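The letters A, B, C and D name the chains in turn, as written, and every chain counts its residues from 1.
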Amino acid sequence: MTGPAPGTTRPAGGEVPGWTADEMMTVAASRALRNGAVCFVGIGLPSTAANLARRTHAPELVLVYESGTLGAKPDYLPLSIGDGILADTADSVITVPEVFNYWLQSGRVDVGFLSAAQLDRYANINTTVVGDDYAHPRVRLPGAGGAPEIAASCREVIVVVRQNPRTFVDRVDFRTSVGFGGGPGDRGRLGLRGAGPRMVITDLGVLEPDPHTCELRLTRVHPGATVAQAVAATGWPLTVTDDVTETDPPSPAELTVLRELEANKGQTGGRS
Amino acid sequence: MAEIVPLGQAVAELVGDGDTVALEGFTHLIPFAAGHEIIRQGRRDLTLVRMTPDVIYDQLIGMGCARRLVFSWGGNPGVGSLHRFRDAVEHGWPVPLELEEHSHAGMANRYVAGASGLPFAVLRGYVGTDLVEQTPNIKPIACPFTGEVLTAVPALVPDVTVVHAQRADRAGNVQMWGITGVQKEAVLAARRALVTVEEIVDELDARPGAVVLPSWALSHVSPVPGGSHPSYAQGYSVRDNDFYIAWDKISRDRESFLAWMAEHVLQAAGREIR
Amino acid sequence: MAEIVPLGQAVAELVGDGDTVALEGFTHLIPFAAGHEIIRQGRRDLTLVRMTPDVIYDQLIGMGCARRLVFSWGGNPGVGSLHRFRDAVEHGWPVPLELEEHSHAGMANRYVAGASGLPFAVLRGYVGTDLVEQTPNIKPIACPFTGEVLTAVPALVPDVTVVHAQRADRAGNVQMWGITGVQKEAVLAARRALVTVEEIVDELDARPGAVVLPSWALSHVSPVPGGSHPSYAQGYSVRDNDFYIAWDKISRDRESFLAWMAEHVLQAAGREIR
Amino acid sequence: MTGPAPGTTRPAGGEVPGWTADEMMTVAASRALRNGAVCFVGIGLPSTAANLARRTHAPELVLVYESGTLGAKPDYLPLSIGDGILADTADSVITVPEVFNYWLQSGRVDVGFLSAAQLDRYANINTTVVGDDYAHPRVRLPGAGGAPEIAASCREVIVVVRQNPRTFVDRVDFRTSVGFGGGPGDRGRLGLRGAGPRMVITDLGVLEPDPHTCELRLTRVHPGATVAQAVAATGWPLTVTDDVTETDPPSPAELTVLRELEANKGQTGGRS
């Protein structure tokens, strides 16, 4: 796992008939994956997005789950990172140390998905504790999991997270995974080999780092959401690009596949 | 050579108060029955080690068996928080829980170092994160050839590692397949090792993806059919996802947790939950 | 994704003069045919890397392809010396051969570091031996936690690694089984990788002990039935022990060696020795 | 491989009817292996001795070959360390890095067999070069192989080598593997975890380290060989214990099994 488990879907700010905000978020994430890419996926939305992509525009997408399955091709959505369907359909099942050393650390993974409990303007991520005192946290979160090294070693990272002021904060209480650190040049100084976050996909739109300042800027809003909503949902003065575009709505094909995937989630789970 | 003994005897002989204990498993093959036996035997002050502490660790922590947890991700996979874990960390109930926190890559390499008889492992990790300040067990190390600075973590050497596997032969050689995670490293890193198995067979015929742990590298093997429930053993059972979801409600409240444990674990010696 | 191309094209595209080349194999699955193709294409100044340089390295060295050898054991397994290797080291024929010498444990860990994207590996090794004085690539390193001093060796990162495997599917995913030695690490450590296979199949059905190298981790795959002869490919051929014995006589003398190479390798493009 | 390849058998100093000196040496080596021990074996005489032991007094002997076969039970003698019969009969086939890291370095192996081109009074071993100049050796030997770490990490080491003044030298030209280094305490100072050489078995007898000085002393002679021969075959003033005993001759059972093993060596090799 690479962050807190996902909650349930909720409608976007402006109720839009036809699909939920989470469906839009998942579709946007799936579109961000090019065919043939090697993708490191955790359970939840990233796994859904990757499997949606594999069934639509990216049939050659290579899924790597940190449980040790290389090239898994699950025919239903696994409910856990170690679901048997992943081993059954993988090109190769390897050990956990091998996943992290031979495949992730070596720089062989193109895209890593991360989620966040807190995220700042440089896309630094907190999945450890909420509150200023680590020893006495207000909320104890699951912790780092694979995230710090995914953030460090994947060629690029895509963050998928719902946008609200509790999550989009001016300063993360704990830096579990590094985005752009304190700004330009920091990744290089830290010796991180991947390029870092390429985009942050939320239920309202898409944020992308400014190539010069590395600060996240709103570049897209989803249908039914507004720039004003995105700004209001962000705990720092959010920069908005002059040419904010609107995300193409989910296509009927995307929605059909996505809903079929959700309907058959964890198919055999607990039905022994 | 491993001795094949009943679970109760194996835990009594191998796990003592204050021990560092790793019950490993990566969603698959989690040794729940062995964890329940540790709870029934009332072990205390354990240092629990695990990459992904989940429901069985929530139960051990909630029953007051643990003083310390060394881990990298603590949650109920696909469901949410571990409420007993959170209660121990946030409110010290039933006893305070010290944490030593790492990343998956760091934990995996710490087991590899332990299995390899090395005092530490080297990786590209942790750099720039706040994890570094929270433990003395993450340090920089320079490459003697390039000067590049990487990260070192100390070997993990549990007093006991417990894992669950599909089967063993009568000599105590163990065979597991499917997702085997970091179990081999965790077993080889430990001073003592217990493997619970679905069944004992005459012959371990070769299987695709099978990992074999030779009897001479293990302490005890205990036959415990269904011993990984609600986790699963590929080829024998499927994951009881409904239980993981149900656990969220059972564990939210201290009383309902204690009542459930009393009924399903403390009074369940011999018969395991299904 | 790996391209499936004929051996000649694969070697021409992947192996250049002055490259560091590892043709790995541990008695089993030694890529003889690829080595012969490198000889036919007249490559020069190669740095050859291998844990156990045997007859194919004797041939590459005797034909003047190599400037340098990085290794841990050079011999004709079960037979005796490598005469071309000895002639190059002892008399500089046909060209002098620089040596960088390690132990098996050191070489294996150097490949592991290369495959892991680390600049070095740590092991308990070499201490007290004269190997340490012969290369700058063996250095002490202290554990940052215990202070214990161990040994560091730099990662091996070949320009090209070549291995032989039983089969690949049409997408270029490779499957090998039996004794697979250090081949996976050698392939993942390299900048480019070539795998010769006994056959291309539609489907890689799961097999006990099978190791899969995904197509996306490889450069080229070349079908070369019998491409490991006189070594063997489990399930396809057995080791030609008689040839290894015969090689001792063929290679003792420079002229008989050259004559044999001319007849069986230089003029054998396309058809491989049986 | 852990040393030079074996040559052919030759009769002992005094010709003894019934068995060859190499047969006596192999039988003596096999007797040194206790049942249930984990034994790291190279090809040649050590492999023969280990398989003889497994068929006589030590049926539970665990054979580990550095090619990655744990618990191999070959039904004929392999001609090479990577013979298919080893993989076919092993409890587990693992990678070469795993053999050296998880099994040897971790201290799980009881007995390691080594051979030598040169050996000194402290059982230090040379398998690298003969001659004083490493860069211009008189004879270039195969090199270290697994020997340095076998010598360092096995709980104990047994050296099997023919005894003559060219091999048993006052000073090895190159120290490939450490026996007792310069004498008492050296192994500890070097951080070597195994106990080091327990015995050196030759075609003439058995040498064992003096518990105080660590120097090899002649403790046994084989039938047909004499103390005088052993002393003459040693390049340093060989200490002889007061109570030198004579090795029990090979039993008919040992000889029968050994010869059957030799007769079927590499059975399927090259017979395709």
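The working rule: a contact is a pair of C-beta atoms (placed from the backbone, for glycine too) under 8 Å apart; a residue touches a chain by one contact, two chains touch by 3 or more.
These figures come from a predicted structure and were not determined experimentally.
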item	value
Comparison of B-D and C-D (more C-beta pairs in contact)	C-D
Averaged-CA centre spacing for the pair chain B and chain A, given as whole angstrom	28
Chain centre separation in whole Å, for chain D relative to chain B (CA means)	41
In chain A, residues with contacts to at least two other chains	101, 105, 153, 193
Residue list for chain B, restricted to those that touch at least two other chains	112, 117-118, 123-124, 148, 184-185, 209
Overall pattern in which the protein chains touch one another (line/ring/star/complete/other)	other
Complete list of chain pairs which touch one another	A-B, A-C, B-C, B-D, C-D
Residues of chain D that touch chain B when the two form their complex	36, 38, 62, 70-71, 91-92, 101-102, 105-108, 153, 193
Interface residues, chain D side, partner chain C - complex	1, 4-5, 7, 43-44, 66-69, 79-84, 86-87, 93, 95-97, 100-101, 104-105, 128, 134, 136-140, 142-149, 152-153, 174-178, 181, 186, 190-193, 266, 268-272
List of chain B residues in touch with chain C within their complex	117-124, 137, 139-141, 143-146, 148, 150, 152, 154, 206-210
Complex contacts: residues of chain B adjacent to chain D	1, 112, 115-118, 173, 184-185, 188, 211-212, 214, 216-217
For the chain B and chain A complex, residues of the former touching the latter	26-28, 51-52, 71-82, 85-86, 89-90, 101-105, 108-109, 111-112, 123-131, 134, 148-149, 178-182, 184-185, 209, 232, 234, 237-243
